[in-house]
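Per-chain residue numbering starts at 1, and chain names A, B, C and D are given in the order in which the chains are listed.
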Amino acid sequence: MDAKVMGRPRAGMSAKEVIARRVAQEIKPGMLVNLGIGLPSMVANYLPHDSGVYFQAENGVIGLGARPPEGMEDPHLTDAGGGFVTALPGAASIDSAMSFGLIRGGHLDMTVLGGLQVDERGYLANWMVPGKMVPGMGGAMDLVAGAKRVVVAMVHSAKGEAKIVPECSLPLTAMRRISLIVTELAVIEPTHEGLLLRERGPDVSIDQILAQTSARLIVDGDVPEMRIG
Amino acid sequence: MDAKVMGRPRAGMSAKEVIARRVAQEIKPGMLVNLGIGLPSMVANYLPHDSGVYFQAENGVIGLGARPPEGMEDPHLTDAGGGFVTALPGAASIDSAMSFGLIRGGHLDMTVLGGLQVDERGYLANWMVPGKMVPGMGGAMDLVAGAKRVVVAMVHSAKGEAKIVPECSLPLTAMRRISLIVTELAVIEPTHEGLLLRERGPDVSIDQILAQTSARLIVDGDVPEMRIG
Amino acid sequence: MRKAIRPEEAAELVPDGAVVLIGGFMGVGTPERMIDALVARGVKNLTVVANDAALPGRGIGKLVSAGAISRAIMSHIGLNPEIQQKMIAGEVEIELVPQGTLVERIRAAGVGLGAVVTATGIGTPVEEGKQVLEIDGKRYLVEKPIHGDFALIAAQQADYAGNLMYSLTAHNFNPIMALAGRTVIVEPEMIVPIGVIPPDAVKTPGVLVDHLLARAA
Amino acid sequence: MRKAIRPEEAAELVPDGAVVLIGGFMGVGTPERMIDALVARGVKNLTVVANDAALPGRGIGKLVSAGAISRAIMSHIGLNPEIQQKMIAGEVEIELVPQGTLVERIRAAGVGLGAVVTATGIGTPVEEGKQVLEIDGKRYLVEKPIHGDFALIAAQQADYAGNLMYSLTAHNFNPIMALAGRTVIVEPEMIVPIGVIPPDAVKTPGVLVDHLLARAA
């Protein structure tokens, strides 16, 4: 935990920090959680040190800890992005069959993933842009199909283009309604009736959210502001 | 290895000893072998101590050794029949998924099983007698379906009734042509043309074999006597 | 962190009629104290999924004798004459499953696969009533996953994070069943502080485990 | 007993055009000396089955740079721009497979199952051209096993019986691939005498292993 960051006034927060702080609130003690690489991996910075949360890296460790001090790296202990990590007391090494057995078998309480598009059905597209970016799905399809809760952490729109859309134009990651979308502007819950606006970002108005969202949002009564920082 | 047994003249051998000694000749150094309970388990007695053979017990050990001396039994180290065993140097503990993964995946070089009936197609029935004996198939179906070689070790006939029959009347263990039948009277190899008589038992004539066999046997040229003891 | 509970408390968690996966092979690697507590509480109508019925007086054999089982899914019952008598008398319904298929059906439930596709059982009574899939010219049975309401697991060592180690042939079905029980109750021979079991020695990660049984007093 | 061989000898065993399963995740747990020897011998037209293409200059990335790969079955290639360029140029054919499906398809080959039945990929491009099975009202893909002519495995420790141990996140695909290669070649960091590795510490039983690479001189 970084004291400077924790104490910084929210006015100075970056979009990514707002998102990571808000997602961190979704994580409860004792949960088994997988954080995707990039923005989702920042979430761990905003959990108390004694949170009792187990982080899983899909490459094979449960009980992932922070980056080791310089000179104490182990080439056999990395996260899914290949970065050096440590193992907390009670950590377990697992092979890829066990790792994805836990994911697909519903043993993973939550996964936090980035997103390219989420649509009104709550379906996520986050692994390819045909003709442009074909990196492979890695573990994303299993994570979205299998985790108990799927939280998508992403900036609300990309270069003025909406990412929360009526129907994904990009190839889906899974035909599964994800659990929650967290952006710097809003917290949105996909329900069987559609996308329910749960919270506004700090100092963000409902109109600002609607302006950057091409999907229909359900606005039901008062929409409180996120409580972060 | 029991020196007394090895030196005993074959005239004094029991039917089971003849069978076990002959089956032992099928086992080559370095093989992974599963021996069924009962008669098949006797086969290990007729292998040289330094045979380099790995015995697998399907309940979860590779590198099974003999019964431990009195007072040195470990309640966590038993064979598939529940009897106490030891672990040889280089032994490995495996769970049931790995154990049957090895069996079904073709990693087991040979299994030696008892038989109730074998028929002209080379199909084995060895796990139930409807209305009489329904103990369950245990690992037998996986063993017969998956092992590289399946050797059936059984007495040639039961109370005057042939066990090597035109077509099994008992429920099959698998629809797989087994590799070899070894009885006290004969060694028979199921082929796609039928049951080929390979060897005669000690001092046994072809007529004696045919008299106790209801299946058609292919007798092709000279049929040598088993070389045991 | 898992607080260790007494077997009597654990037995209270298992209601009559539950589907219970129980580790062990001929009684080796079976949680005996947990079974004793279930017998003591007089549990009824269990569906027991296990490799075998052990022997009378040992492991699952005690549940058989106590009349606690109304249905059993097992690969072998041949060494327990009591369960065979109850089967013939219609008191226990028995589904016999090839051992390798049984462990994979439990694994499939635990790791979120929709079915097991195996050649074992083709051309035998096991095939009856089951879907057959032809893949590249070979025939396979489609066998369904087996979930447990509970998995009752015997382990050699646990830590208070629930991480488990097993010993020799006492592994058998235990590591697989620990994946497939909605509630997983473990009877370890020893519980050690968190951090004592090296990550590479863990065979069942603690996140799968719900309850540990406290040491015998 | 397995005699340890030199990487050059091992590389001679792998013919051009072979299907090769290679352990590792972003280069962690990959048999580097084996790969160096394959590059040195100028192997061509490999089909490489692996989690990912690592990075240029590391693990499988070296095979990519050497032009040794004509086909790849992987879950992720995003961190290796070189293989992406070769894919676009039509020099490498790539089949992308979800990571959990990939490891189960390899496992299915190794443990003799006819297919993997998984919901992963339903409703996505992964579904195209595949058989769909409906089980209890839910749709699943039928995914075929992936066998390797060879499995190239990195282990932490081996004994001369071929028993293997792995370390931390260097496990990844290695224990599963060791089941599925017709010939299994292992590069251990250390080889110890038979009897030194306790049976309970073995993660890959030696009967699966064909060759061990000798220690670096």
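One rule holds in what follows: a residue touches a chain if its C-beta (ideal position, glycine included) is under 8 Å from a C-beta of that chain, and two chains touch if they have at least 3 such contacts.
This is a predicted model, so every value here is computed, not measured.
A.B. asks: When A-D is set beside A-C, which has more C-beta pairs in contact?
C.D. replies: If we tally the contacting C-beta pairs, A-D comes out ahead.
A.B. asks: Hey, how far is the Cα centre of chain B from the one of chain C, in Å?
C.D. replies: Going by mean C-alpha positions, chain B sits 30 Å from chain C.
A.B. asks: Please tell me the distance, in whole Å, between the geometric centres of chain B and chain D computed from their C-alpha atoms.
C.D. replies: Here chain B and chain D have centroids separated by 35 Å.
A.B. asks: Listing for chain D: what residues touch at least two other chains?
C.D. replies: Residues 104, 107, 111-113, 118-119, 166-168, 199-200 of chain D each touch two or more of the other chains.
A.B. asks: Would you give the residues of chain A that are in contact with at least 2 other chains, written as numbers and ranges?
C.D. replies: 61, 87, 93-94, 97, 100-101, 103-104, 146
A.B. asks: Provide the full list of chain pairs in touch.
C.D. replies: Touch list across chains, by label: A-C, A-D, B-C, B-D, C-D.
A.B. asks: What residues of chain B sit close enough to touch chain D in their complex?
C.D. replies: 30, 32, 52, 54, 56, 61-63, 87, 89-94, 97-98, 100-107, 146
A.B. asks: What part of chain D is in contact with chain A in the complex they form?
C.D. replies: Residue positions touching the partner: 25-29, 51-52, 55, 74-79, 84, 87, 96, 98-101, 103-104, 107, 118-126, 156, 166-176, 203.
A.B. asks: Within their complex, state which residues of chain D touch chain C.
C.D. replies: 104, 108, 111-119, 133, 135-136, 138, 140, 142, 144, 165-168, 199-201
A.B. asks: Taking the complex as given, what residues does chain B use to touch chain C?
C.D. replies: Against chain C, chain B makes touches at 57-61, 74-82, 87, 93-97, 100-101, 103-104, 123, 128, 133-142, 145-146, 171-175.
A.B. asks: For the complex, which residues does chain D have touching chain B?
C.D. replies: Residues 1, 107, 109-113, 159-161, 163, 179, 194-195, 199-200, 202, 205-208 of chain D touch chain B in their complex.
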